[in-house]
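The following pair of complexes shares a single chain, chain A, combined with chain B in the former and chain C in the latter.
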Partner chain A sequence: MRAFRILGLWFGLFALLIAPAIQAAETSRPSPADSLSPAAPPAERWRPPTALSAEDQPNDNGHGIVLDWSLSADDAQLLSYEIWMARSAAAPESAWALAGFALRGSRTYSHQNEEASLKGKPNPIFVPRGTPTFFRVRGMADDGSISGWSDVASATARGNWFHKGRINVLLACLGLAGATLYFIRAARGGRKLYIRPIPGISAVDEAIGRATEMGRPILFVLGTGTAGDIATIAGYTVLSRVARKTAEYQTSLLVPVNEPVMMAMAQETVSQAYKQAGRPDLYRPESVFYISAMQFPYVAAVNGLMMREKTATNFYMGVFHAESLLLAEAGSVSGSIQISGTDQLSQIPFFVAATDYTLIGEELYAASAYLSQEPVLMGPLKAQDLIKVVIMAILVLGVIALTFSLTASDPAGIARIVSAVVHAV
Partner chain B sequence: MKRQIPIALVFVAGLLLVIQFFVPHPASEFFFTFATDWIIVIGILALPIGIFSLLRNTYMKGRSDSKERIYSIATFAGFFLMVVSGLPSGSREAGSLHMKFFQNLLVPAQATLFSMLAFYIASAAYRAFRMRTLLAGVLLITAFVVMLRLIPLPEPLSTWNSELVRWILAVPNMAAKRAIIIGVALGAITYSMKILLGIETAYMGRD
Partner chain C sequence: MEPTWGALAWQGLAAIVTLGIFSFLAGDNPFYKIIERTWVGVTTGYWLMLLYHTSFHDKVWVNIVVQHKWWYILPTFLGLLMWLRLSRKLAWISRYALAFYIGISTGIYIPLAFKNFVFLQLEGAVRPISFDAAGINFVIALVGLTCSLSYFFFSKPHTGILGGMSKAGILTLMIGFGAGFGLTVMGRVALLVQRVIFLRDYSVNLFGKIF
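The block that comes next holds the complex of A and B.
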């Protein structure tokens, strides 16, 4: 009974004194929702970044602005800078949108956004073309405290008519074009141009002869690229040559393709080759046929063709992906002589391992010149070699500059190299 | 005329696309999008030609060769099954008959074929690593060293091997790759120039 009285006394004390105190403390503490609500702005403790300027981003399509500013005097205390944007300088606070962040110590930020709407709503950080966009920047520390706003700066994004960052590409292309035209002219003038023998191309005639002797068909695979790929177009050149030879030797030719446009082009190539060989009667349009645009159904069909038809020679010329080894190994199992060529770096090792001859990268492009031996076609190859010599010279110069810590601002560097060479001699 | 017009078209279209590469202006972007859209349109228009070729060849093989007939029937059945099941609206949604065929027949069949690559890599590696010449020997030893990295070796062998493999991949391997890449880039540019100038016309079926 006494225990109940003591318990009742405690409850009474709790109800009268402690519970109201706890309630008061609860109401004075901000709730998590309050701390996240915009009504409680973060403390503004740091000095703002200054001298904000904005200008159109160069070399773009007119949806980019570049910002520059001077660091906040409290930059070391900050975590990052927030970049906000709006459609006018006098826009209300709610109309400003966070466009991005820049780490502390950053003095510049490039904002590019081409999406006018997001999920059906206007995109607040879209940069319109030809209309001023307004920016302001503030710093933010890791505890959530912020700096004051910088001044507002504005710029109008405009589309540019020339990409200045690609001048080096333009100069390199012009140099290569000039060298190409020079060597074509030299070749037309009767100058003899030497091309080193490429075993894979030299073996083409031998491989066709083997198929003729064995009385079995030749398989020509143009890869799983598209008709617009350079490697595929180079593949047509070899196909033209192979088709002419098969017409002369009256050997069967099979060209399975994975794209209807490629099929139409391959049919035209083979048809013309048969006409040039003087045997248009031997051409069968069904020898160039479409299988599937999907990679593995195409491989399954071609592998089945190799096994059933027992093709004597397989050519793989064009763009290849994961199917390269599947095709080449199936051809190897069926006992065919195989010649491959691709510009896909990742597939070259598979072809080297699984086929008898491989045209590595640029050798595929050189095939047309090598097969035809026409001086006009050899000219570009010589131009290519010339540019390679120039690139090699640049690489050697770069190695020397790195070895001797040579920089553009160090004119004594060359003297140091010369003295090192003299000393070594 | 029949010869000159296609070459002129190739030259003009090619030159415009080369210029487009150096012009980031919206007008240039529009032209590029327009041109690539046309490529898609041409591809779609050519699709019936491809389907006709597939069906005709399958029919002719099945008719002329009794051994091939079963494959021809399977091809026709697969083709019409997918086309007919894909016709109703909503056939691309999960759970539809069309998607069931796709997920339960085509995808496993493709995965099976792709997984055969593992066996083919083993057989190709066996041929590549036969030490017949000095270079093949170098390849074999290098490959052995690189593959050792995947095996937990005791220290300090593990550290030495990791350092050696890192050097092999970053220096001789990278040098060879970059040489091929530079060669391919130069070759592609010169080959494109040959096409633009009308020197290379084999892809049009001409010599």
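The block that comes next holds the complex of A and C.
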């Protein structure tokens, strides 16, 4: 069977190596359009858009320009506006490049492009930082006829260190950070922080015990996301707990992964857990192994693994996509007890249907704090709860304020609410 | 148009692979094992070359050697540190690269999560209640949303009012999950139908060519 894997590997490498040659041959082949005579220029039939102005796009990294114009007098006859750009106002016709389209009736267009080159060639619609870029606009009708050009307008794109539209995000992050630090300090100071029991997590020890009694391995799948996804990071914490228990019980653990960085992270996590359990001698680096970066081959291999190794317990913790049901169903058929957790809304239903316990969304993040009871992990969870209360309050108060058109300078607002409630009663 | 033998051969390969994967429904078997291993091998080879082109060539070679963007040396250096995992003595140095990767991912994700999953959602949810059928719908959605949020409140036991809200919340979530389940299953059935149609068309073409 190893031979098939190696054969396949060489086949894949060969296919990719010859792909550029095939592509080069195809691009060098003359296309039918090349042999035709140049098309006649489109008829200029409509009046141009006017008063074109350009300015730097605010709150960006310096590669965006915002255009405004007044509609063509024949706007109703047009299909769209073409936006063209060049490096100078006096550039020859061939140096102008089509940057984008705006539907008829549009008076504004935002052009952003930060790729200076495309496939090694200069990108004609790149917006350089600190250098003027010139734009002009014309209308186009569905029969291919066009309007005259607008005047040329130019602007210089400049980068901004601070996104003024994200002040709310900054305040929220600072609020969360402050609350997190407060709760961490409180927990370290001896304050007892309560976390409600999470059934899926309470079942972890039971599931590991079952595998130990049956003498079969435990399978831990970290999903098909990347090593840096928040759900994957939460998955490492649960993996750490599971690995510590498997080290204590001397149960075999299998962690197939689909990303090299994730493999490194998982190996570190499992290795540390075995050390913490006082059994570094039992740790086998090959228990965490790479299969394939592609989703469905990975699933095919993991499904086969479940059947062949007859895993007693399967954990699915991380980011999952279309493979969730395929994995959970195969695990169910093989008779494994299964615990899943993901923050992918579209996949939670499949886990709920096919696994024994499911950590829904944020329960997965809470799992790490619940399992460890460490102040550093409890703090953020408590802070998130606080943020949730604030969100609920904003939600309810916001709806009330909008419903009764309340404003800060409207003292009669409360009276209006009372009147509406009395009227309704 | 009648298919050529060459096209039929390629389609035949696809049909064999399809049947090989479907054979898993009858349990693990040698046919499935062959297809599975071949598939994993092919995709690993493909991915390796893809990474070479999209990561090494486009992000390292082009940026540093061609465009002289020297600051790209820093992430390249961090990437090279990962290779130290192959050495038993120096493997610990790779943790710096891992720590940087995880830290930067989290730092990018949290503000994005606030923007996409908190502020934009709030913006959509905070609306005036109109006193008509749409208003009733909105109130139901608002109550469902508030109760669902309360289900994810971990700091208090789910008893009393919070317990009731939490139950209503999980009920709301399950209704949503049920709808999502049905929708996705429909999509999956469509994919199955597509594969079955492919197998049918292939067998029709093959028998048509032979006989």
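Heads up, the rule we're going with is that the second predicted complex is superposed on the first by the 256 of 425 C-alpha atoms of A that agree within 3 Å, B and C clash if a C-alpha of one lies under 4 Å from a C-alpha of the other, contacts with A are read in each partner's own complex, and residues count from 1 in each chain.
Basically, contacts are C-beta pairs under 8 Å (C-beta built on N, C-alpha and C of every residue); 3 or more make two chains touch, one makes a residue touch a chain.
Quick caveat: nothing in here was measured; it's all calculated off a predicted structure.
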Which of chain B and chain C A:380 touches, first, second, both or neither: first
Touched partner set for A:264, first chain B, second chain C, both or neither: both
Touched partner set for A:353, first chain B, second chain C, both or neither: both
Which of chain B and chain C A:196 touches, first, second, both or neither: second
First (chain B), second (chain C), both or neither touched by A:120: second
Contacts of A:402 with chain B and chain C, given as first, second, both or neither: second
Partner chain in contact with A:345 - chain B first, chain C second, else both or neither: both
Touching partner for A:61 - first (chain B), second (chain C), both, neither: first
Partner chain in contact with A:168 - chain B first, chain C second, else both or neither: second
Residues on chain A lying within both footprints (that of chain B and that of chain C): 166, 169-170, 173, 176, 228, 230, 233, 260-261, 264-265, 268, 291-294, 296-297, 300, 304, 308, 325, 345, 348, 350, 352-353, 360-362, 366, 381, 387-388, 391
Chain B residues touching chain A - in the complex, by the definition given at the top: 18, 21-27, 29, 39, 42-43, 46-51, 53-54, 56-57, 60, 68, 71, 106, 109-110, 113-114, 116-117, 120-121, 123-125, 127-128, 177, 180-184, 186-195, 199-200, 202-207
Of all residues in chain A, those that touch chain B in their complex: 59-62, 129, 159-163, 166, 169-170, 173, 176-177, 180, 184, 228, 230, 233-234, 236-237, 240-241, 259-261, 263-265, 268-273, 276, 286, 289-297, 299-300, 304, 308, 322, 325-326, 328-329, 332, 343, 345, 348, 350, 352-354, 360-362, 364-366, 368, 372, 376-377, 380-381, 383-384, 387-388, 391
Contacting residues of chain C [partner chain A, same complex]: 21, 24, 27-28, 32-50, 62, 66-67, 82, 85, 94-95, 98, 101-102, 104-106, 109-111, 113-115, 118-119, 122, 125-129, 142, 145-146, 149-150, 152-158, 173-174, 177-178, 180-181, 184, 188
Interface residues, chain A side, partner chain C - complex: 1-2, 4-17, 116-117, 120, 166, 168-170, 172-173, 176, 193-196, 198, 226-230, 233, 260-261, 264-265, 267-268, 291-294, 296-298, 300-301, 303-304, 307-308, 325, 330, 345-346, 348-350, 352-353, 360-363, 366, 370, 381-382, 385, 387-389, 391-392, 394-396, 398-399, 402-403, 405
